[in-house]
Amino acid sequence: MSIYIDENTRVLVQGITGKQGSFHTGQMLNYGTKIVGGVSPGKGGQEVEGVPVYNSTFEALENQEAEASILFMPAPFAKDAAMEALDAGLKLLVLIPESIPLHDAMEIMAYAKQKSAVIVGPNTFGLVSSGSSKIGIMPNRYFIPGPVGVVSRSGTLCYEIVGHLTDSGIGTTTVVGLGGDRVVGLHFIDVLKKFEEDHDTRAVIMVGEIGGSAEEEAAAHVAAHMSKPVIAYLAGKSAPPGKRMGHAGAIIERGRGTFESKVEALNGAGVKVADLPTRISSLVQSVL
Amino acid sequence: MSIYIDENTRVLVQGITGKQGSFHTGQMLNYGTKIVGGVSPGKGGQEVEGVPVYNSTFEALENQEAEASILFMPAPFAKDAAMEALDAGLKLLVLIPESIPLHDAMEIMAYAKQKSAVIVGPNTFGLVSSGSSKIGIMPNRYFIPGPVGVVSRSGTLCYEIVGHLTDSGIGTTTVVGLGGDRVVGLHFIDVLKKFEEDHDTRAVIMVGEIGGSAEEEAAAHVAAHMSKPVIAYLAGKSAPPGKRMGHAGAIIERGRGTFESKVEALNGAGVKVADLPTRISSLVQSVL
Amino acid sequence: MKLYEYLGKELFNRYDIPVPRSRLVENAGQAGEAAAELGDVVIKSQVLTGKRGKAGGIAFASNPEEAKKEASRIFDMSFSGFAAEKLLVEEKIEIEQELYLAFTIDGSARCPVVLASLSGGMDVEEVPEERMIRWPVDVSIGLQPYMIREICRLMGVSGDLQKEFLKFMPKLDRMFKELDAELAEINPLALTPNGLVAADAKVTIDDDALYRHQELPRISEKTALERKAEELDLAYVELEGDIAVMANGAGITMATLDMVQHYGGEPANFLDFGGGADVEKTSQSLELLLGTDPRVLLINIFGGITRCDVVAEAFVRVKQSQGIELPVSFRLIGTNEEEGRAILEKEGIKTFNSMDEAVRHAVELSA
Amino acid sequence: MKLYEYLGKELFNRYDIPVPRSRLVENAGQAGEAAAELGDVVIKSQVLTGKRGKAGGIAFASNPEEAKKEASRIFDMSFSGFAAEKLLVEEKIEIEQELYLAFTIDGSARCPVVLASLSGGMDVEEVPEERMIRWPVDVSIGLQPYMIREICRLMGVSGDLQKEFLKFMPKLDRMFKELDAELAEINPLALTPNGLVAADAKVTIDDDALYRHQELPRISEKTALERKAEELDLAYVELEGDIAVMANGAGITMATLDMVQHYGGEPANFLDFGGGADVEKTSQSLELLLGTDPRVLLINIFGGITRCDVVAEAFVRVKQSQGIELPVSFRLIGTNEEEGRAILEKEGIKTFNSMDEAVRHAVELSA
């Protein structure tokens, strides 16, 4: 089983004719994702990797049925594309672009809430239900089916950890990238709820980092509602306060979002926090 | 039975300390309405007709449970009061004021939709579930229980018609005033759906008027979905085009919303349209 | 409140919406001067009625003499009873295509709606449904660029013209919202070599929101009597007949007029004096009606918030102070009806219980 | 992008938010002149670090002499390594009460949040939770008057001060939104006999939205190296240690630094050169790091979109063009790892498969 997406999820690619869009359309098709159409204003009628291209999301949905969309475009155009997709009725949007203005992101989130839609990202690698479908830009080969759910704020670090798991013979149910920005659609707590309900997921890995309070909120949720074991790793122990460590969201401001407060909260909730990313797979093995 | 409200509906009165607010609080209490609190900024701590007054809807809801609210205040303050009530979690708002700016009304409606709340009005007499509760300003004595649902765009004309029914010994289940403005929360079609589901309602009276397209939309709905008999009366047959007949919504503009188009639509849907308001009760008697 | 074209265009200008260069003139001489300055011109009567073009209220002139002549002609005309006090003399623009664009309010959808069509220049009612794109604008997010692109796609517009719309529509949208407009219509919206230009302007401001737009002028199409009624906060519309009607509530007043016509009479007016009026306001309503010199007076009161005794008292007061000589048909039921009737009976005035009877009586009296 | 107080106040002024009268000065003499003009003054160092008050960067003066003296003193100071280039000389205002007001962004609620407190003047972290009112603002409706009244009620504010907030907050809200601010903080917000006045201004603009605010100045707290990295579109932060770190992805770069520290080393920097960089950008990243003269270079590549052969090629290019003399610990796996390794092996460079081993090796090399 899987959460959010499965092999039947029909996906549009917004910004399909761009370099990133076309490359990852190929990668997603290779993985098995059901891509039914692409959107690129002014480029309607073309094909990319055999996928028909439309001028707008509305036009795409006049011709194809779809539930989800992945967005590739420069940040200044992302809000409009996301609003369009939501208005047109899509219920799951994966926002790949980074550097989307915060006020744009907040408008997207407010409208998604109204439309009861799920936003993954922005500044995310997307999500993958191992072995059946991916809507994202993660490398295909590390994501093989297995019993562990993974949810992460960062990309490459998540691949590193999933790579370790794979090397240890442990596969994943679904792997979700929350995104590295300050305002993102999904938080740990949302994904934890889904994993708790997912019969195939037997343990969950949280990959967090400094900044924000998503890990602390997740800890409170784990303590109150999670029956499945949760293992965590947090990046940024050595980061100085007040500095943005690459991700817009990875910053300790006004004494909030420190490594220590997160570890304390997670430990208090019974979550095992690995001190090195390379030690996660053995912690996972111990709880499976 | 009844629709929207019943004897258990707990009601706040916003603007309770004003002349209209305090008078109708007394009238509603007399009718049996469960008024649990009043709101009047800066007047918290007072009592009106034995009802405690609070400074804000939030404060009222910290002290009382309530689902509905009726609003009495000058039009320029109505939007803010309505937004507050919606934000505070109330699910049914009766907007008595007339002359609320259209753009304000549209903002109220958009937010109500987000909050899954029902707006009755503005510029309405409210609604009454005969014999159990009223949230409105209609005269108490005409509204006695019986088998007929009534939904009207105008006030006094509705009382006139319900008065006739009462004189003929026919009572009502619920009587709903949609309001006389161009932008109102409930349309005929919304209330017709409720009456169709209400076991106690055996026939429905629609009191419409020229302007807008609510009657035409209702006619299409009746044709497709209503099993119960519907009787209508429409005011404004003699009104010249382009003139506002008292109600902001009662205007024939650009050839739309004429008496003829409404009668034709209703007749086409099998709705009997009375040529005089005084002939409705006999039409109703013929279908009961 | 409908605005004259020139006022609408002043507002367009304020919102950076392109309009032709123009001069507003008050006599034929000024029209000639304007033409001397602007070259080929269009001369347009500034009246609020639609279809002034068909009525001859728009003329072209290619020199000052011609402009003076046409202006004179238009100043002498009457449009639905109104003469134009001002003319707008505009440069004649080079029009490649006439489009239609409007923002208005959709009562069904409870939100603003964009109307757009490639079939501009003609009456909006005459544009076939499928050639008129309607796009409701969700108030919680407002007009977004993708909506404009989508409207363009549905119109069959792309490329440069789409880019023009992407610049143009947000300005009109902003004006529509900020000025509490009910309608902001541009017909035709002219596509010129320099882009989109608003060749006409039909702007209506929501009367109920005028209090927050002190900067706007006040324009009224109302008759003197309607204006007086407005000051008294009465809903009053002048009609052609001879039976003066007074009732409480818009719906019942309309229904009373309908019933008067149904029984063969002709109402002289619509007068809704509202719910819960006091003796003063009720008296003023009566005085206003009597001032119109009708043949018969029909009063139809179904008392809810309105108290019958108050209406009766007002009636007696007016009768005593200025006399009420014409025949009256008086229907009075509802709140405090006994008290009201007692007051009237002292003065020898009979009332009806039934609206039907009262109306029939009024029609008989008028025959 | 953090703004200096004086810039924040310029923006406040543009949004009609009351601020004290002031002069911006660049030397002590000008400070004296400003004091001569303004009377009793406050002299404030214009630096971006917080807590400049505690550090002595704020002084009072009641005459020009005193102002000159204090200004001199402050110009000579250093704040977290930065000297003040400008001082703001402000009239001393009569403060009845010091309040706190800020608009910021709440990542948990995914919307702006108003922070308000009667306990102004102190560090925001020191205000007890229950004295700090937090009100998330629903983006779909924006700040509404009832929210302001409710914030006031929760603060225990009513009457005239509530009226002041009803005027004040919408202005700050508008600025916050229109300028794409991440933070607009006023601490203290001074209640004076003339109403609320912003006695300080801490405004941060969202870097990602700067492209649509060409009117705003560009301010950087970054070091010269960080600025150079910014031009190359690299995420770079200078640190204190001696092991230069380069990795692809913010999370894994942070984790690499953490691991360096875990094994007893000290990272010299954070350098995330992003996903999918080409040979050019990768070379530039390497050159930038080598320019910092570290003791050891640690490269940690987990290739996803990033191709290992591209990284290897860039490394070889830099090695050949300028030489890489310092010891290197190179971890390279993922997309095209065989090709990458082959390229490096030709140059005699060994790579690790494991991040753990690579980091431990780097730490050993630095010892």
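Which chain is which? They are A, B, C and D, in the order written, and residues in each are numbered from 1.
Convention: contacts are C-beta pairs under 8 Å (C-beta built on N, C-alpha and C of every residue); 3 or more make two chains touch, one makes a residue touch a chain.
As the structure is a computational prediction, the values presented were derived from the model and not from experiment.
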{"item": "Between A-C and A-D, the pair joined by more C-beta contacts", "value": "A-D"}
{"item": "Relative to chain A, chain with the most remote C-alpha centre", "value": "C"}
{"item": "Between chain B and chain C, centroid-to-centroid distance (C-alpha), Å", "value": "26"}
{"item": "Length of the line joining the C-alpha centres of chain A and chain B, rounded to whole Å", "value": "47"}
{"item": "Centroid spacing, where centroids are CA-atom means, of chain A and chain C in whole angstrom", "value": "55"}
{"item": "Residues of chain D engaged with two or more neighbouring chains", "value": "138, 140-141"}
{"item": "Residue list for chain B, restricted to those that touch at least two other chains", "value": "107, 110-111, 114"}
{"item": "Touching residues on chain D, where the partner in the complex is chain A", "value": "105, 107-108, 110-112, 124-125, 138-140, 177, 180, 182, 206-209, 211-212, 235, 237, 239, 247-255, 257-262, 267, 270, 272, 275, 302-306, 333-335, 354-356"}
{"item": "Residue ranges of chain D touching chain C (in the complex, touch as defined)", "value": "140-141"}
{"item": "Residues on chain C engaged by chain A in the complex (per definition of touch)", "value": "138, 140-141, 144-147, 149-150, 153, 158"}
{"item": "Residues of chain A that touch chain C when the two form their complex", "value": "41-42, 55-59, 80-81, 83-84, 87, 107, 110-111, 114"}
{"item": "Touching residues on chain B, where the partner in the complex is chain C", "value": "75-76, 99-107, 109-111, 114, 125, 137-139, 152-160, 163, 180, 182-185, 187, 207, 209-210, 212-214, 217, 233, 235-240, 243-250, 254-255, 275-278"}
